[in-house]
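As structure tokens, the structure follows; a few thoughts come after it.
Here the chain labels run A, B and C in written order, and each chain numbers its own residues starting at 1.
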């Protein structure tokens, strides 16, 4: 029932907003829908927390601690993004960057995107997981090109082609998975259900699963933004409207990683060796290093933070690949805090770029003086994302480093190198942006307070004192990912 | 129809699908590409129907019909309308020259054959020999996307990849469950509308559909 | 007596080759005229042309070397010898055990090699141009032809043509995509090797468009007769090679009179159809630019390789 509410509200919201998306009350409808889904997700989480994992809808849906945690996160971040999007998009509309068809399209696709993400997380069927992932991509492709400038169209085209190709390869991996599953579970829909697959993973044919994992890794890895399949990410995340950048960076990458980890669990059960983990570690480490060095060369603020997303996803992938309770706990925590921090950063960045009418970092100055919320929000957000205590990212990175030193000590210097370079790159750029005098071309702005403050408080709380229920929740998820 | 005759017919159809994949790789005229793509879809749907008949899986008939409508009628029609509206007349130049592309294509076919050998050893289906052709079609579609400069031909390469994936599903297994196939079909249809809209945006912004012109977003030094 | 039968059959094949080849060439020319709405000169015209040339004097350039005078005989001889290897009527040929398709391709290569040399011998520009073009085409066509025929030999597990015919004609009938690809490739190669449209126009009088004609531009008299005759025989042989490799039903396995009669009859019917298809292709296509010929031959190579791959992958 709750599941139907979750999915139904966002889907119906999408339909309604397709018609009324350009009216004055459209952002409010958006916010209400997201709030409703957030409440539903809390209800769902409480049920899983007390009763454990369960299936529903004639085995079509499956919820365990891993997926429900991401459901709550998705609902929360999309809710705060809708709150942020209200003043942001109003200003974009006033300045003529989006027309009224664009607004309808934007609101409708936003809710459809949320729907697709929930479907991805809640489904038990590996095939439907793929379909929902593709749907999520398709919903956002045209949103990236919303402003219809040449660079936006180019970014959206790259996104479409590269992610389309990646996802097609992931489909091939899914077909191979089905092939292996058919031998053990018989033909028909049961062979694609994750609950069944995880039970018989030891009996699935290793050679086939090895091949399947390579394709799934390449396919879903493209969507996570792992190097060398990451070319679309900086463009797509920087050219679209900022609320879209926030949800893409904060949510879609997490969901792609979720799909990858689910497949990894199956492959580990079948192969018995650490191959899948090693591959993930390799890709993760490569992403961290390439992304952090690329950050040194960026001039556009959103592109820089997009590379930061690649780096953090690399850290999470590396940690999931490493395996073991500490690293997995760290990875789950990292997904949470990265999502909260990055979306908060994008909120402030969005306002900052609106204040200066540009996304170039060399032209943005004097944020703290101009708008203290934006300035301090950006400063604290960046300090959080580079891993400074007492923010939550420090905790997760510390856990991951500890696990690395224990299980794969030779990788630690590379990890530290990546983190260090990212630290330097970000602080070097952000410091001149937030300090200094207000330049003449800056406009005053009424920023959206609630999302940024809410996120930063949460990150601080998690960093200082992890609530008991949260750590128990993570422990449950870690158990499932053994 | 005995099993071996069906296997032979299926092999012939697989060979034809591979032939159309190569044809797409080297064809220069845009209507030629469209027709080849339609033929590929036709061979695919006939192959699905044959497999459905032999293995007595009736849901494959529905899949075959779905493929026929979507890939032989609807998608080529959408592309045809787009080509007319966008007034694409010229021949499409390739990035790498044609004989080299063909050689790379042959290498990809051999590669996919060696890659799918574990599946061939394990499969008990009548269609086990065609999985290599399916993967080869996917990789050839990928090659086509890489070696082409025009947006429409890149999309046709993408759709040809999807054809290969569908063929893989019917070769390795007797087709995915119907819900998955319907979902995939829906995704492709949505993708078709999206790229249709895309072509207009690209044409308006760049005044050409040559994707090499879209090179402004680069790493800056 | 029975020992000599293969030799008699071989002799019979060579005689048929010598005297039917101009008729086949004449048939092709006649069909072309009908398709193009012109009046024909008759199927027997090539015979008249050859007789005319045999009676004429030879005009030699002063700096012609022995290669120039030697070549027509080499070309004629190798093509006649090739006719002794291909199972035109019967598979019971004396050389079938040792002379296989590799030897066949080598024989054609000898002919082509000497023609190319002769083209350059006198030192004229058109001759040299024709020779270099011919060699370019040959370098791409030969591997493709070998690949195409090898595909057939993979299916029949032997490179001997007689063995191939035996397996294909008298074995069970299976739909083989590999043979379909090989046939497609062979047709393209045959068009290139025999110098037909779309690779080379045999009826052109513009020297800049010549490939094969350019090399033999300086020949006259009986030299030219021999070379022209060899050209007609080459066309005939490629047709019979294609028939033997891909449509071998009817070729005699036994040596008795009824089988041979059926073989001869089926040969006539198949050559009839081959002529029609050749003319349809020639009339339907336009001559390609020289720079497109590598693509054409590349696709022939591609089909042949696909045929070989599909043998391994699908069968």
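The criterion applied here is as follows: contacts are C-beta pairs under 8 Å (C-beta built on N, C-alpha and C of every residue); 3 or more make two chains touch, one makes a residue touch a chain.
Here the structure is a predicted model, which is why all the values come from computation and not from measurement.
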item	value
Longest centre-to-centre distance from subunit B, chain (CA-based)	C
Chain nearest the overall C-alpha centroid of the shown protein atoms	B
Inter-centroid spacing, subunit C versus subunit B (mean Cα positions, whole Å)	38
Centroid spacing, where centroids are CA-atom means, of subunit A and subunit B in whole angstrom	31
Length of the line joining the C-alpha centres of subunit A and subunit C, rounded to whole Å	66
Where subunit C touches two or more other chains, by residue	none
Residues of subunit B touching subunit C in the complex	8-9, 11-12, 14-16, 18-19, 22, 26, 98-99, 102, 105-106, 109-110, 113, 129-130, 132-133
List of subunit B residues in touch with subunit A within their complex	115-116, 118-119, 122-123, 135, 138, 142, 145, 151, 154, 158, 161-162, 165, 168-169, 172-174, 176-177, 179-180, 183-184, 186-187, 190-191, 194-195, 197-198, 201-202, 204-206, 211, 214-217, 219-221
Subunit B-touching residues of subunit C, taken from the complex the two chains share	174-178, 180-181, 294-295, 298-299, 301-303, 305-306, 309-310, 312-315
Contacting residues of subunit A [partner subunit B, same complex]	125, 127-128, 130-131, 134-135, 138, 141-142, 145, 148-151, 153-158, 160-161, 164-165, 168-169, 171-172, 175-176, 178-179, 182-183, 187-189, 191-192, 205, 207-208, 211, 234-235, 239, 294, 297-299
